[in-house]
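Here come two complexes built around chain A, the first alongside chain B, the second alongside chain C.
Let's turn to the complex of A and B:
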């Protein structure tokens, strides 16, 4: 059981929040909550940072700073004017009905909003589900968008695995995702046909932007652009350049390097029976039970990347931000919240 | 969509990624593989459509595959800015009416993208 409850032991934290004390694969950390059919949000505290929303034990939405959110898919692509998005967020945020407000404008259909929410969910899940990260679960929390379509955890995991396979089949070296996209100066063939997306990639490539940056620029989901660039590299249209300099690309590269360097996932806790219990621990039980490992660090610090993504990732060149007080995850959260308020 | 006569299965596919967004009706065993295959079909068509000299190659509305086990209709949903989603319908050859289904899919696609 990865989740340890530290509720009530920490000042200023709601007593219902439970937090993993040590990093654990996100998809496994979600399992007990889904099996128990609860609703709430699992916040991933380590870089690149994100959240997975669960409704009645099913995955309703996921977001990650390097993946596409609804805003990028709707406004970044030019599908909706930014004002329409802002108006809907302003009107529906408090009541968790931004999606409904968008549909009410008559600019998008309910079906399209739902479909885009699934695309955004898959995009974030791709980056989050195999992270070995500290996370905390807040029961009852809901996404301001309102929950549209929910998917089984198993289905989302299958899709994440399928996407990893697709990427590996298209081009085996993952470094291409975070390296600058360089369209080849000369073609080896006499003519070439490009799809609309491939054209956008070539038109947007400035010999500095990585696929992750291009996805943001084009208002596309990150996975799709990563896949397309890998496919284009295979047929010799583009080649990977030097590592991309953006915060988002740097963050993904750092996280991947860390995951690759991690020798053994997680050593089992001594007290825990080999068979993991499916039931999430109700927070109150922990208050009664004294925690023998109370001295364990709440946020594990080793192998932490030197950089973190911007709260909705700015495009600026990365500046190294040392983690001064050893509580970087809270920093991410506050910046995320600040970013949301700014909307 | 399943109310259409002779429809055996239907899905909504995000074709750049090959992900299934939603499904209805009878599966074909491994539906995911099938939907990913449909996405590949669109890819292949779009690549070659750019070279086509007949009609207006810039705009492909749907692709029909006539197969032993039925018609496979792939209808691209275009919004103002992009065409990324595809309605995929598997239609029974005896019961289904291809032309009617094509029209109906156009209407559903228009409802989806509100244009």
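Let's turn to the complex of A and C:
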């Protein structure tokens, strides 16, 4: 359990203050807040950026710049005119009831809005939950859309894991998600059956757009478009082209690179950056040591530049993560001591 | 106009109902479930049955049958599993998945009620 969350209050009591935390896996950073049953928002400060809304300890909504939000799902798909969306936002934003305003117009049903909010939540969670990022929790904050359905953190984590497996099973190379979708010009089969979404993807592919961009274009959630493209790649209908040039695709590529870097059991890179040694350690490993607990909140938080792939930091996580016993490694203790001395 | 929770609750009122889920069949994700238990994890069932729906839709397409699935019935020794793809434009890509006890359920009645629930959901 991250100490930085409870460091501002008495340990073990429900946290009440917002606090900037150091880079940390988002799903683990959410745990104490969910366990304490609080409401608020965890803002992810590092790229690609996003927010996870918690209501009474359950996940109510999540958003991420590369994932589908309610606006994309409703207006990007042509389901709802953009003016209707803007009107509902104007009417309901201040009272956190944009969703209720939309339902009140009669253009969408309550069930549909709920379903879309869950789709948006999972889409963002997919990109955010395994991110090792700086985050900040603001208690009490609510999403302007209003919170319709809330889900257990455990359930969201399970779904995120299932999605990763699903993608890996369909096509193992994650690079395809950010590469241009190239429909094959000649097919080896006699007959082809596409799902509606697969057809939309092929129709929208212009040899530049990546699955990330196509999801945006079609007003669909990013995950399902990535999945359909991978499925089509497996049966030889499309192939990955050059890396997509869009900002969103680049952002996802960065996230992917970090994810890929973490679980690899490669030897740690030599740490040469002096700033690196000053960086406070993930708190779980430090919990048994009395001094970092007290001093942790005072540590200035060195922020990595957002665009840096974070190769060094992520290798740290890789080597730390498999230690399920909670005992700090020698390496961490050495760095911790070095860090404290540097202060 | 029904919200998701009350539609699912209505489905659970069907005689012999064990569980119900509203599932997105592109991703296999359950948007909402009722009646999930340790013995019967509806989230897993939802993901697995997605492949059933996808396979059947693909088969229809390859057979060039210009028709749509109203429901898919899977009969087990002790249970009925009814899968009902939602058809209106705004709920396309979703299906209702219903688990019924074979000894307690009236299949015709259950299918009829699911149809009503679908209509409410699509409003």
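The definition used in the following text is that the second predicted complex is superposed on the first by the 240 of 343 C-alpha atoms of A that agree within 3 Å, B and C clash if a C-alpha of one lies under 4 Å from a C-alpha of the other, contacts with A are read in each partner's own complex, and residues count from 1 in each chain.
Operating definition for what follows: a contact is a pair of C-beta atoms (placed from the backbone, for glycine too) under 8 Å apart; a residue touches a chain by one contact, two chains touch by 3 or more.
Not measured: the values here are computed from a predicted model.
K.L.:
Just from the overlay, do chain B and chain C fit on chain A, or is there a clash?
P.N.:
Superposition check on chain A flags a clash between chain B and chain C.
K.L.:
Touch check for A:108: first (chain B), second (chain C), both, or neither?
P.N.:
A:108 sits against chain B and chain C alike.
K.L.:
Quick one: is A:46 in contact with chain B, with chain C, with both, or with neither? Answer first, second, both or neither.
P.N.:
After superposing on A, A:46 lies clear of both chain B and chain C.
K.L.:
Touching A:166 in the superposition: chain B (first), chain C (second), both, neither?
P.N.:
both
K.L.:
So in the superposed three-chain picture, is A:149 touching just chain B, just chain C, both, or none of them (first/second/both/neither)?
P.N.:
both
K.L.:
Go through the superposed model and pick first if A:158 touches only chain B, second if only chain C, both, or neither.
P.N.:
So A:158 meets both chain B and chain C here.
K.L.:
So which bits of chain A does chain B touch that chain C touches too?
P.N.:
79, 108-109, 111-112, 114-115, 118-119, 122, 149, 158-159, 162-163, 166, 193-197, 221, 223-224, 227-228
K.L.:
Once bound in the complex, which stretches of chain B touch chain A?
P.N.:
Chain B residues touching chain A: 12, 14, 16-19, 21-22, 32, 36, 43, 46-48, 50-51, 79-83, 85, 111-114.
K.L.:
Name, in rising order, each residue of chain C that touches chain A in their complex.
P.N.:
1-5, 7, 22, 24, 26-29, 31-32, 43, 47, 54, 57-58, 61-62, 90-94, 120-123
K.L.:
Per the contact definition, I'd like the list of chain A residues that touch chain C in the complex.
P.N.:
Residues in contact with chain C: 79, 103, 108-112, 114-115, 118-119, 122, 149, 155, 158-159, 162-163, 166, 191, 193-197, 221, 223-224, 227-228.
K.L.:
How about chain A: which of its residues touch chain B in the complex?
P.N.:
Residue list for chain A touching chain B: 77-79, 106-109, 111-112, 114-115, 118-119, 122, 149, 158-159, 162-163, 166, 193-197, 220-221, 223-224, 227-228.
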